[in-house]
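Note sheet for the following structure.
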Amino acid sequence: MSEPTNANTAAFEPLLRIEHLRKVYGEHVVLDDISLEVAQGEVIVIIGPSGCGKSTFLRCINALEPIQGGTILLDGQPVSAEAKNIAQIRQKVGMVFQSYDLFPHKTVLENIILAPMKAQKRKREECVAEAEKLLERVGLLDKKDAFPRQLSGGQKQRVAIVRALAMHPEVMLFDEVTAALDPEMVREVLDVILDLAEQGKTMLIVTHEMSFARAVADRVLFFDEGVIMESGAPEEFFSHPRTERAQRFLRTFTFDAVKHHAPTSDEPAPLFDD
Amino acid sequence: MEALGLDVLLNGTNALRLLGGLWVSVQVALISVLLSLPLGMLFGVFMTWKNPVAKVISRLYLEIVRIMPQLVLLFVVFFGATRVFGINISAELASIIVFTFWGTGEMGDLVRGALTSIPRHQYESAEALGLSKPQIYLQVIIPQAMRQLIPTSVNLITRMIKTTSLVMMIGVVEVMKVGQQIIEANRMVSPNAVFGIYGTILFLYFIVCWPLSMLASYLEKRWAVA
Amino acid sequence: MNVEAMVDYLPLFWEAMMLTLKIGWIGIAGSIVIGLVVALVDHFHVPVLRQVLRVYVEIFRNTPLLIQLFFIYFGLPRLGIPIGADVCGAVGLALHGGSYMAESFRSGLDAVSDVQRESALSLGLTRLQVMRYVVLPQAWALCFPSFVANIIFLLKETSVFSAISLMDLMFTAKDLIGLYYQTTECLVLLVIFYLIIILPVSIVGSVIERRLRYGSLGA
């Protein structure tokens, strides 16, 4: 973990502070009284059954969803869709989505330099140089002039990560970024995220890849029905989940071996023979 | 009433005459639509053929329909038929011929679009399940194509209805012509008849076409591919 | 066919075509402006104005141009606003076409996915920047086919201008047929001149369409 940059952080203010966050869609309570502090350089993995509110939670941190209660403070500044400087605050939060969300009408390089140039008014040459460096790090420098349609799913996601990194965000949000990928491409994307963790990037990661979660997380949050059911170190959580819900959820990722036996004549034929 | 020129409609048989004129339009539209829908379906299937001759023919037909104003086609058929074939066809018949010719082409293109929009794997998975060709079309392809086809063809019908206003230009007595006659006859008594009559005609077209447009966009939304 | 007569008619048809082109393209330009305004008002949910423009679109889309022209041409002078046939033609076409263009632009804007918007926002771009660099280029490519179809449709609709006694192609053809009975010749010229007006638009449109589809949408 990196050293605190400010010498005067006497009170140790966390990078991200969320207090009593509440999110409602009509009658349905999606997130109920969520509080969380994320320190500089911390990697938080959020898991839970689908519909538990974990994706909505990430979207709230980027003010893509209006919230009905509580506060989100990033660097002490409130994050809210109504804030005047919301575009500037969002620059500090990088987000990568599940669907490949690259801009289809721009090349890989143009995708990456668009926001640094337009939102941060940085010089084109500087942005290009940095984009190329980042692309090299994820092994995609040779694709810089390709259009998104010419890339595989895993390559698109790596570009999407680079695009977010080019803004120098203080925190990165990953929303099930490998869920839509072919299995052989999952690894290349997760390796990039592991690499970021090693460099001390602050990250919040929603994922269904349990072994990855275990490897990357400083802290695991288990969400269910809009609340944080459990929170703890990965080894602790994965080997000894405390709540019954978490135990049930983790069981869905393991399989019991099936005993094979030859069918007898009066038994129905197996459903799949292979 | 007088300021709007609606009083004219209440004089004598004017309102009835206007409705009678509308009825001619409706008839022309109805017959053309009823002919175009089945013919267009056949043409649409024809357009999906791989045969090069079929391709050239349908391409040519479609381009004529796409490019030539309906009014030009009306002129060609109405004035041209007399000249070339020496037969005198009525303006109504000429209109029905032109609108059917046009409607069939447009409908065919919609049918082709709907058929080709069904993804390959729908055919393949139906085949893999062991369905026969007719079963594949009846059970799998056509029901899906219909969802795309119905909203767009309802829109085509409203376009055909609106286009019937053109038949006055070749002298079919219909709603527009009757309207003009009424305005002419009442020029002195009711100078504002222009508003009343044309407003009424606009309204008549609107109450026929608007519900159809609404229906089309409702169906489009409801059946949108999720 | 009497080719000599056709040659004689050429200047008349040429002049008529120029009139059709002039009024037609002015009207189309107007319809694009109207369509853009209506689509943007709708897209950004501007209150009140949005509902008013919705009514305009529904009325003009669901009634024939011919009657709209009559209403304007014969109606406005009764309100003390004199209007020439050429201005009436351009205004009528712009209003009629505007309602079609609005639908086309609006569906293009709506078709750009929310994720595109959100990922641009999450990069820290402002709403205006998202619109300019991400949404509009994609919306443009998406609505281009219906945009071209609308232009062709409106060029075809110019054929009703003769009803308000504009000396356009239809008017000229009908006039000459009535005067000299050279029916076939006039009809052939009529068809040829409409081809000259519309065919280039159709061809150029489909070329650009193919390029846009490849360049912008990755399809």
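A few points about this structure:
The first chain written gets the first letter, and so on, giving A, B and C; residue counts start at 1 in each chain.
The criterion applied here is as follows: a contact is a pair of C-beta atoms (placed from the backbone, for glycine too) under 8 Å apart; a residue touches a chain by one contact, two chains touch by 3 or more.
All of these numbers come straight from a predicted model, not from anything done at the bench.
If you draw each protein chain as a dot and join the dots that touch, you get a simple line with two loose ends.
Farthest from chain A in terms of Cα centroid separation is B. Looking at A-C and B-C, the interface holding more C-beta pairs in contact is that of B-C. If you average the Cα atoms of chain A and of chain B, the two centres end up 53 Å apart.
Annotation: 47 Å between the Cα-based centres of chain A and chain C.
Chain B and chain C have CA centres that are 19 Å apart. Contacts with at least two other chains are made by no residue of chain B.
If you check the complex, the residues on chain C that touch chain B are 58-59, 61-64, 66-68, 70-71, 74-75, 78, 152, 156-160, 162-163, 170, 173-174, 177, 183-184, 187, 190-191, 194-195, 198-199, 202. For chain A in complex with chain C, the residues that touch the partner chain are 59, 62, 64, 87-95, 97, 99, 101, 103-105, 114-115, 118-120, 147-149, 160, 163-164, 167.
Of all residues in chain C, those touching chain A in their complex are 115-116, 118-126, 129, 133-134, 137-138, 141, 215-219. The residues of chain B lying in touch with chain C in their complex are 63, 66-72, 75-76, 79-80, 82-84, 158, 162-163, 165-166, 168-169, 176, 183, 191-192, 194-195, 198-199, 201-202, 205-206, 209-210, 213.
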